[in-house]
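Two complexes come next, and they have one chain in common, subunit A, joined by subunit B in the first and subunit C in the second.
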Partner chain A sequence: MIAAAILLLALLLPSLPLGEWRAFLLDTAQFAFLTSALALAWDLLARSGQLSLAHGAFFGLGAYAAALSAPALGTLPALLAGGLVAALASFLLGLATLRLHGMYFAIATLAFSEVMRTLVLKAQFTGGSIGLPVQPAFSGAFPLGSYYLAVAVLALSAGVSLLLSRGRWHYAMAATRQGEAVARVLGVPVVRVKLLTFGLSAFLGGLVGGVYAMKTLFLSPYDAFGLGRAVEALVVPIFGGLYTTSGPLLGGLIIVGLETWLRLRIGEGYLVIYGLVLILAILFLPRGLVGLFRKGVGRA
Partner chain B sequence: MLRVEGLSKRFGGIVAAYGVNLEVHPGEILGVIGPNGAGKSTLLNLLSGLLRPDAGRIEFLGEEITQAPPEVRTWKGLGRAFQIVQPFPEMSVWENLMVGALYGKPGTGLKQAQRVVEEVIALTGLAPKAQTPAGELTLLEDKRLELARALATRPKLLLLDEVMAGLRPAEALEAVELIRRIRASGVTVVFIEHLMPVVQALADRVVVMDYGQVIALGHYDEVAANPRVREAYLGRAR
Partner chain C sequence: MKKLWVVLVTLLAGLSLAQTTLRVGVLLPISTVAGKAALNGVQLGAEQVNASGKVRMELVVVDDGNAPATAVPALTKLMTVDRVDIVIGGLASGVTFALSGPVKQYQPLFLCIGAASSVVEQAFSDYGRFFHYHPWDYHNVAAALEFFKYLYDNGARRVAILYEDGPFGSAGIQTYRQQLERQGYTVQAEPFKSGSGSFTAILTRLKAFRPDILYWIGYDVDALPIAAQTRQVGLEPKLIYGAPPAWPVGFEKNSLSNDIAGMTAWLPSVANAESRRFVTLYRRKFGEVTDEYMAPMGYVIALSLGRAAEAAGSSDKDRIAAELAKVQMDTPFGPLSFKPSDTGRTRYQGFNQSIWLQFQYLEGSRRPVFPPNRAARPLRFPGNY
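Moving on to the complex of A and B:
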């Protein structure tokens, strides 16, 4: 419901009378959509018990792969390529981290992020530390091209998230998270569940990165592979409500909105207030924003 | 039904299982007893695939499963309930059982799984608690859930690891009845137990383990009269 309403609003937003703030609002909204989509992707993986710090890297891999292949392939195939590169990387990482849990898994994924950033920084074809100019979505044929791509990626992430929050997959992922050994003894193919969610999550993260590249038109390893983005990918679902679809979705919009508003009002030092709000939210809303509206037993 | 030959497992210098030979017949209830540290739980972990043996082989329904992962053994019909109950705490009782019902046998649809859960929930008397979060159950209910969840995978052979531990005598009696009903429904049972009256009441045959080895095998009375068993186990307990 919430997801459908947000997506509808996102589609209609460019045609609303937004006045002189139109361009700024649409830009902010677009970054918020991408933040939400990355958070949804992260949450998907978290549902199977894997707390990743690699989503900055999947985002970066997707961004670079899409940027580098767009001139040859065109916009949509390039985005797909970005997603696939991220998914492939996650598959290899996933094989290595299968036996790791919790903190150890997180540390391994953090190391992976650092390795990826260093590789992109040192490589020639990525532009290294100078950065990489990116051609706009659809070669600039549609001014709102990347905006609608962001809406589409958000819709896809929310759709996948909703689909996997019910039925067989819901049970398999929740069981894997809440007791891996027991899940296996009950017949859950845990290895398959973990690798598939990893691949799917990274694929979506890669798509988000690709759209981001086509919006900012410039990539640098520090930005695209930043640890900040990996942290944001996990803060947003925790703030909004873990293992839900509306949580990361709303969380991304509110956090980006809040961050933008604070930066406008306070300017320098806005991060102090921003951090304070997040700390208070995590302290007093242990089940996230959506936990406020759902009393009693939440769905596992 | 289940044949174990020369099964061995060591952890560093500790031999948890050494040359264990065992045969489980279809339809029987086999009790496994032995002092603490005798290797009973290790044996169950080897059988359910949570541990891989250093040597030996395991055959289930005529197929070798020595190296098969746990989920594959479950799919073949080898079920397992744990000593330390480990429900999925954020799920309700119903959802816990759905995991076993959906994944215990590949290709089970949601509808079919729901029917299985309804049956299992009726058999184990958990119906009033179906929607309770598993993290809020009493010990007895936890134990029932553990058993029910293993049953939801529709096992042909069920491995039970001290499912009575911590229960009051009246509760243990109830559990004995439940295990009898499970056997009557066509499931072969192998159980580890410390409570001798329970073993006497339930087991068709008893295996006694000590220091990772099988030291006696037979009917309860024979085994209880065995001097080696008395020395290793019953004698020490007095």
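Moving on to the complex of A and C:
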């Protein structure tokens, strides 16, 4: 219900009478949607028990692949290419690392992010350290083009998340998370579950990166592959509620909204308040924001 | 009595009508050292403009977060909610590039304080309301190379370049290398990870190269480890030359800083009337002296804007832009006037390589040492490391 309401609001937002705040709210909302979508992508993988720090890299790979291919392919195929490049990278990474668990897996994914960033930094065709100008979505023909792309990516991420919250796949992921050995005994194809989840999660992360690139119109390796983005991708679901759809969705909107509001109201030093709110939320809301609305753990 | 009141009210009304009121958006990364210094400078300049009584400058300050995802909505808010027509901002190149789209959409008069990358020059090439004050990256390269030519003439032949592997350190490295080689230098370049604190391996490797100049391009956190470890490994270059965007606070008080050289656009010790005036005003307002050249840069932007608005006698951005294009004024950096950029891509370029000066840490403070006409002390070469 929460997810449906947010998506409906996102669709209707441009037509609401927002007055002079309209353009600002649409810009802020667009980045918030992308934050939520990346968090949903990260949460998918977390459901299979993997703590990924590679989502900054998937985001960056998607962003660069979409930016580089957009002039030749056009907006939508370029975004798809970005998602596929990220998914392919995740598949290769997964083959090498999915036997690792917990912190070991996290460190391997962090190393992967660093390697990707360095490669993009050193490559000539990516613009290297100077950065890469990106053409706007649909060559700028539709002013709200990138906004609706962000809504579409958010809807897709939420849809996939909801789909994987039900049925056999949900139980397979939960069993893998809670104990791989037991899951295998139960007949769960653990490696396949983890690889497919990894691929799907990275594909969505890559799509998010592509839309981000077409909004900011410029990419640099440090922005696109930043560790901060990977950390944000995991903080948002923890804040909103892990292993749910509503949690990352709501968490992203609230975190971006709160940060923006504090920046406007407080200015310098807003990060202190922002950090304090996050710490309090993590301390006192172990099930995240969605824990406030529901007593049971599980799907939303 | 009644008549007196009428005269007073009329006078006040007349004065307020004669005063041009400007609402100016300031979009800076105010959580960073350079951003905060720039903001201080803009505020100080606006205060001076307001004190003149002819122009009233109201600043609407917004943090650009040093990230495109924050800067783009922040600019949108300035344009659509705060309804400013003039924006001072654009410190980091990546963020400024991301702003090029919304700037062209909302068409403000954009007074750019930093963003030295020529990628930004290209992005704003078709935008007529873009005034870029800071030199472009090719100006920076030209200024540094002039100093290296001087060092070559004084016997330096080998340069070891340590550059951080991020956008800041890597951006011009190939150009630097080629240009130095063209000057006759033998160059060996090594990347490093900024903030790692460990340089002994690279520095030991460089010992075999026996560099005359150790040129490092990194951040403030790298300054002290490089100074200390150069001595530890016994590298003994004739000059350590650093190019961080900001030097560590209090570095000059550490004896390891002695004889280390670097480049900046301004120092509080720069001896011109405008610089002295800026230092006095800054100390009065903020109770300290800053070494950050972004502070006088912000100050100059606000002053030049005030002067253009006064000449225009209007808050209309195009009339102000037309007057700003004609501005000629003395600043802490030297004379300011706008000309097309060297590549011809943008129409209004303020400063060029002439504002850069080379300094050396000497006895606990930074002293201008090059070019000779701006030097307060002779360069100590070879230095004692």
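Just so we're on the same page, the second predicted complex is superposed on the first by the 295 of 300 C-alpha atoms of A that agree within 3 Å, B and C clash if a C-alpha of one lies under 4 Å from a C-alpha of the other, contacts with A are read in each partner's own complex, and residues count from 1 in each chain.
FYI, contacts are C-beta pairs under 8 Å (C-beta built on N, C-alpha and C of every residue); 3 or more make two chains touch, one makes a residue touch a chain.
Note that the structure is a prediction, hence the values are computed from the model and not measured.
Engineer: Is A:I130 touching the first partner subunit B, the second partner subunit C, both, or neither of them?
Structural biologist: In the superposition, A:I130 contacts subunit C only.
Engineer: Looking at A:Y104 after the superposition, I want to know if it touches subunit B, subunit C, both of them or none. Which is it: first, second, both, neither?
Structural biologist: Touch status of A:Y104: no partner.
Engineer: Touching A:W261 in the superposition: subunit B (first), subunit C (second), both, neither?
Structural biologist: neither
Engineer: I'd like to know which partner A:L271 touches here: subunit B for first, subunit C for second, both or neither.
Structural biologist: second
Engineer: Is A:A181 in contact with subunit B, with subunit C, with both, or with neither (first, second, both, neither)?
Structural biologist: The first partner, subunit B, only.
Engineer: Name the contact category of A:T28: first (subunit B only), second (subunit C only), both, or neither.
Structural biologist: second
Engineer: Have a look at where A:P221 lands relative to subunit B and subunit C in the superposition and call it first, second, both or neither.
Structural biologist: Touch status of A:P221: second partner only.
Engineer: Which touches a greater number of subunit A residues, subunit B or subunit C?
Structural biologist: Comparing touch counts on subunit A for subunit B and subunit C gives C.
Engineer: Tell me, which parts of subunit A touch subunit B in their complex?
Structural biologist: So the residues of subunit A in touch with subunit B come to 167-168, 171-172, 174-175, 178-179, 181-190, 297-298, 300.
Engineer: Show which residues of subunit C lie in contact with subunit A when the two form their complex.
Structural biologist: 30-31, 36, 61-63, 65, 67-70, 72-74, 76-77, 79-81, 83, 93-94, 97-98, 100-101, 117, 119, 122-123, 165-171
Engineer: Can you tell me which positions in subunit A touch subunit C when the two form their complex?
Structural biologist: Spelled out, the residues of subunit A in touch with subunit C are 20-24, 27-28, 31, 118, 121, 128-131, 133, 136, 212, 215-218, 220-223, 260, 263-264, 267-268, 270-271.
Engineer: For a test of understanding, state which residues of subunit B touch subunit A in their complex under the given definition.
Structural biologist: Interface residues on the subunit B side: 48-50, 69-71, 74-75, 80, 82, 86-92, 95, 98-100, 102-106, 110, 131, 133, 149-150, 152-153.
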